[in-house]
Amino acid sequence: MTDLALIAAVSILTAGLTVSFGALGPALGEGRAAAAALAAIAQQPDSASTLSRTLFVSLAMIESTAIYCFVVAMIVLFANPFWDQALQAAQSAAG
Amino acid sequence: MTDLALIAAVSILTAGLTVSFGALGPALGEGRAAAAALAAIAQQPDSASTLSRTLFVSLAMIESTAIYCFVVAMIVLFANPFWDQALQAAQSAAG
Amino acid sequence: MTDLALIAAVSILTAGLTVSFGALGPALGEGRAAAAALAAIAQQPDSASTLSRTLFVSLAMIESTAIYCFVVAMIVLFANPFWDQALQAAQSAAG
Amino acid sequence: MTDLALIAAVSILTAGLTVSFGALGPALGEGRAAAAALAAIAQQPDSASTLSRTLFVSLAMIESTAIYCFVVAMIVLFANPFWDQALQAAQSAAG
Amino acid sequence: MTDLALIAAVSILTAGLTVSFGALGPALGEGRAAAAALAAIAQQPDSASTLSRTLFVSLAMIESTAIYCFVVAMIVLFANPFWDQALQAAQSAAG
Amino acid sequence: MTDLALIAAVSILTAGLTVSFGALGPALGEGRAAAAALAAIAQQPDSASTLSRTLFVSLAMIESTAIYCFVVAMIVLFANPFWDQALQAAQSAAG
Amino acid sequence: MTDLALIAAVSILTAGLTVSFGALGPALGEGRAAAAALAAIAQQPDSASTLSRTLFVSLAMIESTAIYCFVVAMIVLFANPFWDQALQAAQSAAG
Amino acid sequence: MTDLALIAAVSILTAGLTVSFGALGPALGEGRAAAAALAAIAQQPDSASTLSRTLFVSLAMIESTAIYCFVVAMIVLFANPFWDQALQAAQSAAG
Amino acid sequence: MTDLALIAAVSILTAGLTVSFGALGPALGEGRAAAAALAAIAQQPDSASTLSRTLFVSLAMIESTAIYCFVVAMIVLFANPFWDQALQAAQSAAG
Amino acid sequence: MTDLALIAAVSILTAGLTVSFGALGPALGEGRAAAAALAAIAQQPDSASTLSRTLFVSLAMIESTAIYCFVVAMIVLFANPFWDQALQAAQSAAG
Amino acid sequence: MTDLALIAAVSILTAGLTVSFGALGPALGEGRAAAAALAAIAQQPDSASTLSRTLFVSLAMIESTAIYCFVVAMIVLFANPFWDQALQAAQSAAG
Amino acid sequence: MTDLALIAAVSILTAGLTVSFGALGPALGEGRAAAAALAAIAQQPDSASTLSRTLFVSLAMIESTAIYCFVVAMIVLFANPFWDQALQAAQSAAG
Amino acid sequence: MTDLALIAAVSILTAGLTVSFGALGPALGEGRAAAAALAAIAQQPDSASTLSRTLFVSLAMIESTAIYCFVVAMIVLFANPFWDQALQAAQSAAG
Amino acid sequence: MTDLALIAAVSILTAGLTVSFGALGPALGEGRAAAAALAAIAQQPDSASTLSRTLFVSLAMIESTAIYCFVVAMIVLFANPFWDQALQAAQSAAG
């Protein structure tokens, strides 16, 4: 079962690294965008609605890269095609 | 039981790395957003409620990436599909 | 099945690294662009529509590099030509 | 007992790394938020209560990521499911 | 089939690294250029068309380096001359 | 006694790394907060008491992450559950 | 065929690293130059043509270093003298 | 005596790393706080006593993290529980 | 042919690393110089010709370091004295 | 004598690393504090004595972390408890 | 011929690393100097000749360090005393 | 004589690393202090003597950390207690 | 001849690393000094001769560290005492 | 002669690393000090002599750390006590 263990270990490690490393950029980027929005609202309170809308669109765009990472981590954990294949091969070998 | 030990060791290490590395970006991003909100409230106290609302929405967005990491760490520790599979295999082999 | 396991492990690791590392630059770049747009709208509210349009085009350009990474990760996970080839070889060897 | 020792060593190392690496981001982020709050209070002493409230909410949000790390480290040290499993297996093997 | 597996593993890893690392610089550069364009439009709305044109030309130049990376990753995945050669050699050896 | 030595070596190394790496962030964060407090007092001496109180609360929050690290290091050195378990196992094996 | 596989693996890895690492500097440099051009046009719209011409010459100079990398990657992939030599040697040995 | 030598080597290395790495953050943080205090006294000489008091409290807080490191290094060098245990085991084995 | 393969692999890797790493500094330096030139022309349009001339001389100087790298990469790929020597030795040994 | 040599090598390396790495932070921190003191004296020459006193206290605090490192290095070189123990063990073994 | 191959491989790698790493500092330094010269000419066009002369002398000084690297790379490639010695030894052994 | 050679190699490497790494911080710190002193003298020439005195005291404090490193390097090279011990052991073994 | 080859390989690598790494600091330092000189001449053209003289003395001081590196590289390549010793030993062994 | 070769290789590598790494800090520090001196002279030409004197003293202090490195490198190359010892041992063994 060494092959299965190798794939399992790599999958677990990859899922964790993907979601944790993938949180670095979006968190910093969203922090910068939110900081700019707060400074902008303080400077021009009349445009608060326009600024909020622009901020939310931007946050959504930036969050999308974090969501890519979360999706890939979920795929690796729960719908991993290589693991399914290796499991079938191991079961047919043992069957 | 070497395969089980390998998967267990990788799972423990991954859970810790995921949640600790995943705390870096959100903490810095939230610090920046909060700093901007505090400066903005000091500059425009009349818009404090708008600024607070925008800050909380932004913090929630940024915190979401940290929560992804926490969720993945919990899955790896307590609902690890690879571990369950390996455990069943080991028990059926020993059964 | 060692060859298959090696290719599977490398594919899983590559998919995770690609999408997580590829999220770093775009998230930071989009954060910077969005921050500049919010500051610009606060400074010149009359040009909000021009600024929004320019921002969205820029975000699309920057997001494209993240999408390249996501596409490559999906190819590596679900349409991996090397895996298909190795699988066929393994099946014909076992057939 | 080599498997138990491996899991124990990885658990100890992970607990330490998690809590120490997880302290980096929150400490820096809280330092930035606190610095901004102090500058804001000095600039607008009349809003000190609003600023303090916003600061405390922000510090709580940022601290939460450090607490995730502390919780995971405690789980790894004192409620480690993999260790319990390995211990039972070792005892049943020795029983 | 060890040689084939080595080339396949290296190709998969290279394709992922190329496109993910190659996204870092262009995304940051485009973010900077877009930020400058937005600030410039806010400062000089009358020159918006000139600024937009200059921005798009610059984005195209910067994006070109990301496209080089994407092209090389696609070549490595789908038109890899070394893989074709190794495949032919393996088939003629097995033929 | 190799298992005991491995756990002991890892425990010593972990205790040192935890407390030294965990001192980096809090020290920098507290330095930033203190610097801001000093600048704020110089700018607004009348609010010195409010500023001091805010500073001390913030320092306590930041110091808490360093204390988490110190606590974990002490646990690893003096109340290490894995070491106790390994010691009992070694003594019962030798008994 | 081990020698051929080694050269092939190194060539694939080198091509990817060359073009991806070589995209970092030019993309950042072009981003900076473009940002300066956009700020300059906004400040001095009358000199837009002179500024554009200077920008394009500069972008061409900077892009040249990225093109060096792309050329070397193409040479390594499609006109690799060491691969040709090794292939001839392998064929004459097999002939 | 290999176990003893391993524990001794790790203890020496850990003591040195702990105290040297643990000096980085506090020294930088204290430098920043002291710099702010000096600038604040120059700006507001009348508040020198308040500023000095705040500085000394802050320095004490920051220094505390360095002292944690020094304490752990001393424990590792002179009151190392693992070393004492290993020494007793070695002596009883030799006794 | 192991020696030949080693030299070939090192030569390919060196050529790629040389030209890609050597592109980092010049691209950033040229970007900075070009940015300064654009800002200078915008500030002093009357001196555009002097500024352009100074910029081009500077770009040529900076580009020279990139050209050194390209020349060395070309020498390593196509006029490698060590490869020629090793090839002759291999041919005389086989002759 | 392999154990003795290992402990000696680790001790020498640790002493050097401790004192050299431990010089980085204090030197930078003291440089920053001294720079602030010089700027403060230039701005407010009348408070030179207060500023000098505050500077010297701060330098002493910062220097203390460097002295911790020097003390640990001296202990490791000249009063190393592990070395003394290993030496006695070696002599009694040889006696 | 293993010794010859080792020296050849190290020489090729060293030549590439020397010239590519040695291009980083000079390119950045020249970029900074050129940027300052361009800003200075824009600020004081009357001193353009003095500024140009100073710039060229500075560029020559900075370029000298890049030329040191190029010279060493050329020596390593084409006038390598260790290679000549090893070649003579190999020929006399084979003679 | 393997033990002696190991200790000698580690001692040489440690001496070089200690003094070269230990030069980084003090040189940067002294450069910063000196830069501040020069700016301060230019701003307040009347306080030149006070500023010089403060600068020299600060430089002496910062230089002290570099001197610690130089002292440790000299001890390691010329008064190394571990080397003396190992040499005596080797001579008595050979005597 | 393995010893000779090891010393030759280390010497070549050292010569290249020394001169290329040693070019980084001086090039950046000279670039900064030259940039400051150019800005200073633009600000105070009447002091151009004093500024030039100070610049040249400073450049000579900074260049001296690069020359140390070049001298050591030349010694390692052409007057290496260890190589001469090893060569004599090899010749006397072969004589 | 393996011991001699090891010591020789380490000595050559150490000499190069010491002098090249030791050039980084002083060159940057001297560049900063010289830049400040040039800006100061431009701002206050009447104090040029005082500023020059302070600059030269500072440069001498900073250069001293580079000279420490050069001295250690020279000692390692030409007056290496470990090499002399090993050489005598080798000669007496061969005598």
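By written order: A, B, C, D, E, F, G, H, I, J, K, L, M and N. Residues from 1 in each chain.
Everything that follows uses one rule, which is that a residue touches a chain if its C-beta (ideal position, glycine included) is under 8 Å from a C-beta of that chain, and two chains touch if they have at least 3 such contacts.
In this text, all values refer to a predicted model and were calculated from it rather than measured experimentally.
Visitor: Chain by chain, through touching neighbours only, how many steps does the shortest route from subunit D to subunit M take?
Guide: Between subunit D and subunit M, the shortest chain-hopping route counts 6.
Visitor: Superimpose the Cα atoms of subunit B on the matching ones in subunit I and note the rotation angle, 0 to 180, in steps of 5 degrees.
Guide: To bring subunit B onto subunit I, one rotates by 130 degrees.
Visitor: What's the distance between the Cα centroids of subunit F and subunit M, rounded to whole Å?
Guide: Those two chain centres are 43 Å apart.
Visitor: Need the CA-centroid distance for the pair subunit K / subunit M, whole Å please.
Guide: 11
Visitor: With chain centres taken as the means of their Cα atoms, state the distance from subunit G to subunit H in Å.
Guide: 48
Visitor: Enumerate the residues of subunit K that touch no fewer than two other chains.
Guide: Residues 2, 11, 13, 15, 17, 19, 21-22, 24-26, 28-33, 35-37, 39, 41, 43, 55, 59, 66, 69, 73, 83.
Visitor: Looking only at which chains touch which, which shape fits best: line, ring, star, complete or other?
Guide: Topology of touching chains reads as a ring, each chain with two neighbours.
Visitor: Please list every chain around the ring, with subunit C first and subunit E second.
Guide: Order around the closed ring, subunit C first, subunit E second: C, E, G, I, K, M, N, L, J, H, F, D, B, A.
Visitor: Which part of subunit H faces subunit F closely enough to touch in the complex?
Guide: 2-3, 6-7, 10-11, 13-15, 17-19, 21-22, 24-26, 28-33, 35-37, 39-41, 43-44, 46-47, 50-51, 54-55, 57-59, 61-62, 64-66, 68-69, 72-73, 75-76, 80-83, 85-86, 89
Visitor: Contact residues on subunit B for subunit D in the complex?
Guide: Touching subunit D from subunit B are residues 1-2, 4-5, 8-9, 11-13, 15-17, 19-39, 41-43, 45, 48, 52, 55-56, 59, 63, 66, 69-70, 73, 77-78, 83, 87.
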